[in-house]
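Two complexes follow with subunit A in common, the first pairing it with subunit B and the second with subunit C.
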Partner chain A sequence: MRSGYFKETIAQQIDLTDSAVVRIWLALLVAALIVVPFYLNPFYLSLLTIVAITAIGALGLNILTGWAGLISLGHVGFMVLGAYAYAISTSIWKLDPLVGLLLAGLVPAIASIIVGIPSLRLTGLYLAITTLAFAFIINHLILEFDGLTRGARGIFVTRPTLFGISFKSDTAFALLCVALAAITLVATLNLRRSRVGRALVAIRDNDIAARVMGVDLTIYKLNAFITSSFIIGISGALYGIFLSYVTVEGFPFLLSIEALAILIVGGIGTALGAVLGTIFIVLLPEVTSMLFSLLGDDAARMLSTGAHELKSMLYGVVIILFLRFQPHGLVGLWRDSKRMWVNWPLRF
Partner chain B sequence: MSIKTLMAATAASLLLSATAGLAADQGVTDKEILLGEVEPLTGPPALLGVAHNLGVRLALEEANAAGGIHGRKLRLTALDDGYVSSRTIQSLRKLISVDKVFALTSLSGSGQAVASLPIIEEAGIPAIVPIGPVAPLYTPPRKNIFVVGQSYEEGMHQLALFLANKYPGKKWGVVTQDDDYGVALREGLKQAKDEKKFNVVFESIYKRGQQDFSSEMLRAKDAGVEVFIAGGIISENVAMLKEMEKLGIKPATGIFWPGRVSAMLKLAGPASDGLYAVDYVEPIASENGQKFLELAKKYLSPEEVARINRYTMTGYAGTRVLLAAIEKCGKDLTWACTNAELAKTKDLKTDVMAPISFADGSRFSNQKVQIMQADFKTLGFKPVK
Partner chain C sequence: MTYLIELLISGLSIGAIYGLIAMGFAVIYKSTGLVNFAQGEIAMIVAYVAWTIASHVSGNVFVVAGGAILFACVFGLAIERLVIRPMIGEPIFSTIMVTIGIAVVLRSCIVFLWDAVPHSLDLGVGREVLVLGEARVRSGQLGVIALLLVAIAGFYAFFRWSRFGVAMRAVASDDRTAMLMGVSAARVQAVAWAASCVIAGIAGVMFAIIHELSPTMFVLGLKAFPATILGGLDSVLGSALGGFIMGAVENLAGGYVSPGLKEVSGFIVIVVILMVRPFGLFGERRIERV
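Presenting the complex of A and B:
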């Protein structure tokens, strides 16, 4: 039985996993994610789909905020750009959906250079405010350029056919989103253990020290902005396809706050934290609803005229309690559980 | 019993059980019909969602008190979407595939309803849209989606025509929102302007959620505005009225139905007195409005009655249309029959708006609008004769 973690080389240190058991569990998880959607009803499929889409966005934001330490409230701005890039290219210009998805990543990536360059000298709250302004400007521009974007009227989008495979059914679309989320997870994990990932973390921990070690702040910060917004743009396009109707109204500012909450609750700076945080934040309202429904018809009747506010408060209280008692987030809880499992009966 | 008789009896019972399975769609049992709806029940839009929910419940309580429909009681499952489109879609999927409701009495606001169109159309479930009756919901008409109300364009068109006739030759000011609601109001206003050729001296479009209108109102004052269209919803209209009061101007002001609630009058104070409003729903102060209030007092708690507004009436009327169609289908209740009966709705009286009909091939009830005026003392609106 394994009695602890001993790593002697850099290769071991950056290895995604050194455990055969973990690999088996991962293989089982992948198999389950492929098989389970075929047995879910449309409601649970929609939950799985929205978890996958939100996870892609959270993984993208994690690169910028979790690793590079650049706080962004412009998440929803990049999402809406991605959604509109996809909607305009596929529904109006009738381009191939694959080109649409590529543009959904490229357009926010280019926009991120515009917002990234002036933001290079800013950190913390100042950067947060700049990115917040960006999100509002994007909405305003979309509404103003109605010749291209159809303004407030929005654009209908249909589910795509990619490589000859139709993703029109709920199951197929859920599988597409899960597959893209898995690809994003692997890509970001690899990015984290590369030179770029280490440089970003060095900038977050101490940018002056990073510069002294030869890390070009301008290049790497811009790199973080571009990579992050490319991924967030893809999640925006998928979100637009999920909604089937792209309009700025469908992308409330709440999405930016929710994305930050996901990183904090999940455990900021880790890809696993972004995924766990997504599952927690997206499913929490459903779980609280289910708990309330267990109280019977009278409670359900009360819910429709006031107690829904109580449900929202409960949602907030759970997050606050979590932050108070587990500041490292869900990923900290996961690590503690792992250590306890390995080291028990010794104290972890 | 011979073998032949036994086989015939078995075949007959198999046929009967098969047809019994086909007789009713989901959400229908011998004792109950389950209906569902999605609306904002939390946050500021809950002012709309909760009031609407009360109207639907009122219609159901009234029907249940009369014995239900063909012996079946009516029950409602309401889900909150917080006015977020993705949650509307999830909630609708839950209602259709998990709760298995028979029909829907609301698809939330206009944007949310438009986003839900593919799901509802694909499912084929009968759906009533009594909130946010925008054109994409009924153009082109969809077999199972029925919009009860009037378009924003036509409502604004009628309000502007009324004000143009009442205040000829005056200078107009218009402030509208930067979303689909604002676009619709501007289109309706343009129609009226083309017809009456009134002079718009000040026009401004604000970002949704804006709370400070000091700049806009100062510009309106400088332009000498005498007739003003406040194209916000509630808090925006309140901010505009308060600002005008501060600047000492009181043009003849028109507001639109989403803001025609007593909460708006309460917040705006005496500045709201005399406001013109347009709506296809009866004001509470009217005779029919008072009858509706009495009905509500019979079935709802005093706290719930205090939360009634125009959306309670739209919810009530929309549900009455649905219940009438369900009743016509008799015992064997199916989606196909309900959709067919809904399409045949002719002059259905609800007493909270003009009789409801769907013209041949149309899924839009195209309600007649009326002009009314605010009375701050009673915090209500009275019809303008």
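Presenting the complex of A and C:
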């Protein structure tokens, strides 16, 4: 068994990784992610894009739900706000796409203060209910203010040109999404090991103790709300660009469930879990429909009529099974297998 | 004036349906401290089963009602035994997420087991139009209001006098002490699930009789949330009254302000209530505040 491995300074303790092997693998992964999009066919490219966009949203929700422990069913509300902020500012007001992306983050962040303040005194299921209400109210407001949002007709959005680089092609857009996902991942990892991240986790684990230790609950809970909805808004804007058409129908409530399912499946409260969970959940319906198509035409036809239902049913089953049998999610599985590898032949 | 009365009566009748479902929420919350997000979906499934019985076995009202109640009871027990009971001792977050999972699964079951087109559940009752003064109402609308009143009275008596009702209240107020006194918390939980599924099922069937049967019926569950929050999550009778209030508010908002507001008025009420009085009008439990 490995022993004599000690961390002596705080810097070592909060280091993202201290292993050269991990760094090499990471470098290889980054290289692969840059090269692979050039060789993928359009279907796989769109899957990669969706994975990257969903991962951004999941990482954002992870700050609020995973670290601060505030359950939110309003994920889709923030996404739709981000998408509309981008669509209105770029397609109607003809602003620069960079400004549009910034607004796509800022508008949900401001909205999250409005949701966050009444939510400060609520925890657990009450918060889930308020955020659920928020998601529905946002949809209503968007349909109601049709002078600004064009109501149910929706807004057409084109793919952006940022810093003089055009992201019109599928490959370029996929690369943009992957790059933004990578930036988000690094940003949230850094947030986690800063004072803010530690304070949020302290609030989740025991808010009274955290308060005694000098963590201002109001400020940090609002902070979690704002940061998380900023990121979710960006992912909503990217999703809108990906769909190339922003409507309320493009953002069904299922997206909220999907985001929570991702966190649970991946392992709640870890950034790695959010990424692994995204890959698992996004690819799950695709893999299932592939398996079904092997069964024959009847099964395939049934799937094509009920694709949305199949997806939601899979999410539900996966949520229940993971909570029941593997509460630590895919990250837990990964840790267990790592420990088994190190400690073999001893049982861990 | 007639318009106002008609709005109020149809509001109260839809409110009675919300009230029934809200009572289901409160029964489960009171005995297990859990919010069952799948309540609306359960109402929908029971209504579909009732429709299947009516169209394949017999259209007799009593046969359909008995079959639906029996199914709801078994269904509630099965969910509790298979999914909820293994989660005892897990954090509340996980159990809530499990009920959301159940909700999503049940919702999509409808399309696979039945189909996506609306049906009408015609049992030959509840569709006659009655004229009260100047307002015209359907007998089913009055029927569901009466049903809710009966359910309120029944639950009041149950909690007040029956041995099991007292055991339920004991578990709600302090489950550990109740268990020490020999109350089986697991059995209380099972009965609560069965009872809440039966109430939700009745609401679903009544809705299907008055309006129609469609895969979007689960929205009833979301609409009943405001009712139970308004009445207080831990107050069964308060939730029922909350249903009446919400139904009336929703219909008046829809009738006088804008049809879109009808859909979200409940959610706006939730936000306001949670800001002002988070434990509801009749609730008792204190909510932690920062």
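Here, the second predicted complex is superposed on the first by the 311 of 348 C-alpha atoms of A that agree within 3 Å, B and C clash if a C-alpha of one lies under 4 Å from a C-alpha of the other, contacts with A are read in each partner's own complex, and residues count from 1 in each chain.
The rule we apply is simple: a contact is a pair of C-beta atoms (placed from the backbone, for glycine too) under 8 Å apart; a residue touches a chain by one contact, two chains touch by 3 or more.
None of these values were measured; they are calculated from a predicted model.
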{"item": "Touching partner for A:R324 - first (subunit B), second (subunit C), both, neither", "value": "second"}
{"item": "First (subunit B), second (subunit C), both or neither touched by A:L143", "value": "both"}
{"item": "Touching partner for A:Y245 - first (subunit B), second (subunit C), both, neither", "value": "first"}
{"item": "Contacts of A:S46 with subunit B and subunit C, given as first, second, both or neither", "value": "first"}
{"item": "Residues of subunit A touched, compared between subunit B and subunit C (which is higher)", "value": "C"}
{"item": "Touching partner for A:G151 - first (subunit B), second (subunit C), both, neither", "value": "first"}
{"item": "First, second, both or neither for A:D18, with subunit B first and subunit C second", "value": "neither"}
{"item": "Doubly contacted residues of subunit A, that is, touched by subunit B and again by subunit C", "value": "136, 139-140, 143, 254, 305-306, 308-309, 312"}
{"item": "Contacting residues of subunit A [partner subunit B, same complex]", "value": "41-47, 50, 136, 139-140, 143, 151-154, 239, 242-245, 247-250, 252, 254, 285, 289, 300, 303-306, 308-309, 311-312"}
{"item": "Partner subunit A, residues of subunit B touching it in the complex", "value": "41-43, 46, 50, 53-54, 57, 76-80, 82, 84-87, 89-90, 93-94, 96-98, 111, 114-115, 117-119, 178-183, 207, 303-304, 307"}
{"item": "Subunit A partner contacts - residues on subunit C that touch it in the complex", "value": "35, 83, 86-87, 90, 92-94, 96-98, 100-105, 107-109, 111-112, 222, 225-226, 229, 258, 260-261, 263-264, 267-268, 270-271, 274-275, 278, 287-290"}
{"item": "Of all residues in subunit A, those that touch subunit C in their complex", "value": "69, 71, 118, 120-126, 128-130, 132-134, 136-137, 139-140, 143-144, 207, 217-218, 221, 254, 257, 260-261, 264, 302, 305-306, 308-310, 312-313, 315-320, 323-324, 327"}
